[in-house]
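Chain nomenclature is as follows: A, B and C, assigned in order of appearance, with residue numbering initiated at 1 for each chain independently.
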Amino acid sequence: MNVNGLPQGSSVWGMVRQYLPWVLFLGFFALYPIVFDSPSDHTLGIKMMWFAIAATGWNMLGGFAGQISLGHATFFGVGAYAVALADEYEWNPWLAMILGMGVAAIIAVIIGWPVFRLKGHYFTIATIGTGEIAFLLVRNSEFLGGTEGFLMRSDEGFLNFYWGGRQKWEFYYLGFVLLLLAVVSTVMISKSRMGYYLQAIRNNQEAASSLGVPIAKYKQLAFIYSAVFVSIAGSYFAQQLQFAGPDEAFSLDTSIRITIIAVIGGVLSKWGPMIGAIVFLFLSEWTNIRFGGNGFDLVIFGFIVMVMAAFEPNGLIGLGNRFAHLLEKAKS
Amino acid sequence: MNLLRVEGITKYFGGLAANKDITFEVEEGELLGVIGPNGAGKTTLFEQISGFKKPSEGRVILDGKDITAQRPDKICSAGLARTFQIVKTFPELTVLENVMIGSFHRESSSRAARKYAGEVLERVRFSHKADALGKELTLAGRKRVEVARAVATRPRILLLDEAMAGLNKQESAEAVEVVRDLRKEVTVVMIEHVMEILMPLSDRIVVLVEGQKLLEGTPEEIASNPQVLAAYLGERFAARNK
Amino acid sequence: MLLEINDLKVTYGGAIALNGVSLNIERGEAVGLVGSNGAGKTSLFKAISGIVPAEGSITFDNKDLLALKAHEVPSLGLAHVPEGRRLFPRLSIEDNLLLGGSSTHVVDQSDFDRVYKLFPKLLERKTQLAGTLSGGEQQMAAIGRALMSRPEILMLDEPSLGIAPVLVEGIYKAIAQLRDEGQTILLAEQNVMECLEVCNRTYVLQTGQVVTSGPSDELAENDEIRKAFLGI
């Protein structure tokens, strides 16, 4: 599979290339809270998780199928509000999360039907529209907490999807498990017929349909998949913060952050969104400390995205591959 | 019974009639050649048969079923595959993966799709390029991928739109062999401007001129028809054939 | 010497496309390139046009082409008709032609007339969007666009591709006529016969190298060369 753009080298080198990313990925995320063990490090790690899960979900549609959406905050919001409402009415948050996944899937179908008639930039612009509509609906709904949103009061424990205290490593590892779920299912899909079909759609829709690929159906499936995982990230986010509000969950800002992370990391690779999440968080923490938390990080990321778009559309993963390529050349 | 029947197809682009009341049939197992000057409406005809453009008038009947203006993927499922004259290779996929997109049409597992794609590449004699990326191929190579992908969907009828262009003498001879082999299993309709390829392969040839069917006949009949010589084949062909 | 190429190498990733090709063209000459698919004809064209990076040297009119960017090449007077066309699909034929000429000089009616005389079909359809043209019509438009720039060297990569047999004759007559008017031409062709007929000299490329070259009539008369390299 050429999703990673990796040329096949000698067999040892090939093995290294195949398994090294997994070792690095599992190693880094498993050891992170042990190596960086202050409460603020753990909070950062948790943020890293929700962005990585969301961006991995987004990437099925934006990366594999090549349909760049700037409206995925809607699904993040659905996940967040599902558990917030559960807290309000004293249902189980886990069940609420699963319900939220279902609602996200249904909304994806409803939005997908009109917007998939549009191509390229028009599609992207339409998703900004649907995102803003959802944002305004939520802000103006009494039932959904209006502009304030919900403050939550979860009890502690696994069944309640909440751990208090200062260390919160439980939250971190729960996020890790969810991320693993997202990555493994992405890998499975990418190796299946659906993965190949989505790439065909990204490469050339007319050619794909001449070969019997039902374009609308597969875009829709990718959209559902991405909506579901982004909503999981939203539930995780709200449980951890004990808060769900329209500006944090449903806003364009959130959509853009999810998109930027995937794009910085590299949309053609399953690893891209994770690399993106790591880099994004560390850089944005750094700018927050340095310049205060007023969205200055987005300025920097906007700049990085521009540079990426100009020189290496496949993000940091693409840069890495170029580097590996040079190494290989130097060896031979 | 005929496998494909095109019935009174007419296509307007604004005021221009690119196809005018075209009717013909293709028998199962046959190889039908389609020729005509540039802009005669050959590709437009294929576009309508394969569902990419809607005819202004007329019908397309595949194996007794009306498939007029159905979605391209539905038509592919019905057993008709086509190639694109202006090639549409998947640039970021390897040649094998390009062909797999076709073979997935009848195979749901990746393993089976990969295996069948490999077999098809073998048949069209392009296995040596299996691992090259689509964007790295020459034009002739891309055209070979077009053919392989379409064949991999296991069609009953295959429409080839100048899929053999850009080849030299030896390569053309090889291409003729490839098509000879393919047509043992599939009915073929083939547009080609290279007569060295088209003439020896065709059972019958349809000539389009300015959107209309001028005539239809065996390669010998076509090659000696004064109207075809004047409108399409030209003096040099006539001189060479004497 | 108008164009002088020395020891040119082009590689894609690991694959070698051109391996030390040397070639030269005098002003007013028509030079042919023949060879099978993948022999390197298209790569040579791309290297001259600056579309792919190359090692070695290419001097055009005493200027070092390898030091230039792709977009600077046409204004020097090299017009490349790429295999597979590359027109602006959303612009009309007329605008495509206009753009072809306007990078080198102020286009006047005589430029259009020359193209339309060669391909009357283009005049008939001058307002049609290039992307909706038939394959052969696009090929005509691409050749026309190259002519619009009044190039010092006209580089044609398989101009007969996808062209109906009657018109192939026409295109070769036109190329011969341009040659007679003093136009310098570099022509890549699969159609060995046509190429030898129209070009003063011809180079035969095989797997990225020049295997033989010389005046076209001498190549055509030499039985060994015909058998070994030309397949005719």
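Note that contacts are C-beta pairs under 8 Å (C-beta built on N, C-alpha and C of every residue); 3 or more make two chains touch, one makes a residue touch a chain.
In this text, all values refer to a predicted model and were calculated from it rather than measured experimentally.
Participant: Per-chain Cα mean versus the mean over all protein Cα atoms: which chain has them closest together?
Facilitator: Looking at where each chain's C-alpha mean falls, the closest to the middle is B.
Participant: Find the chain most remote from chain A, comparing centres computed as mean CA coordinates.
Facilitator: When every chain centre is compared against chain A, the largest gap points to C.
Participant: Rounded to the nearest whole Å, what is the centre-to-centre distance of chain A and chain B, using the mean of the C-alpha atoms as each centre?
Facilitator: 43
Participant: Taking each chain's centre as its mean C-alpha position, how far apart are chain A and chain C in Å?
Facilitator: 48
Participant: How many Å are there between the centre of chain B and the centre of chain C, using C-alpha atoms for each centre?
Facilitator: So the centroids are 28 Å from each other.
Participant: Which chain C residues reach two or more other chains?
Facilitator: Within chain C, the residues that touch at least two other chains are 13.
Participant: What residues on chain A touch chain B, complex-wise?
Facilitator: 1-2, 5, 8, 191-193, 196-197, 199-200, 202-204, 206-215, 268
Participant: Which of the residues in chain C end up touching chain B in this complex?
Facilitator: Residue positions touching the partner: 12-13, 15, 34-38, 42, 83-85, 121, 132-140, 158, 161-169, 190-192, 231-232.
Participant: Any idea which chain B residues touch chain A in the complex?
Facilitator: 50, 52, 71-73, 76-77, 81-82, 84, 88-94, 97, 100-102, 104-105, 108-110, 113, 131, 133-134, 149-150, 152-153
Participant: In the complex formed with chain C, which residues of chain B make contact?
Facilitator: Of all residues in chain B, those touching chain C are 13, 35-40, 42-44, 85-87, 136, 138-141, 162, 165-171, 193, 195, 231-237.
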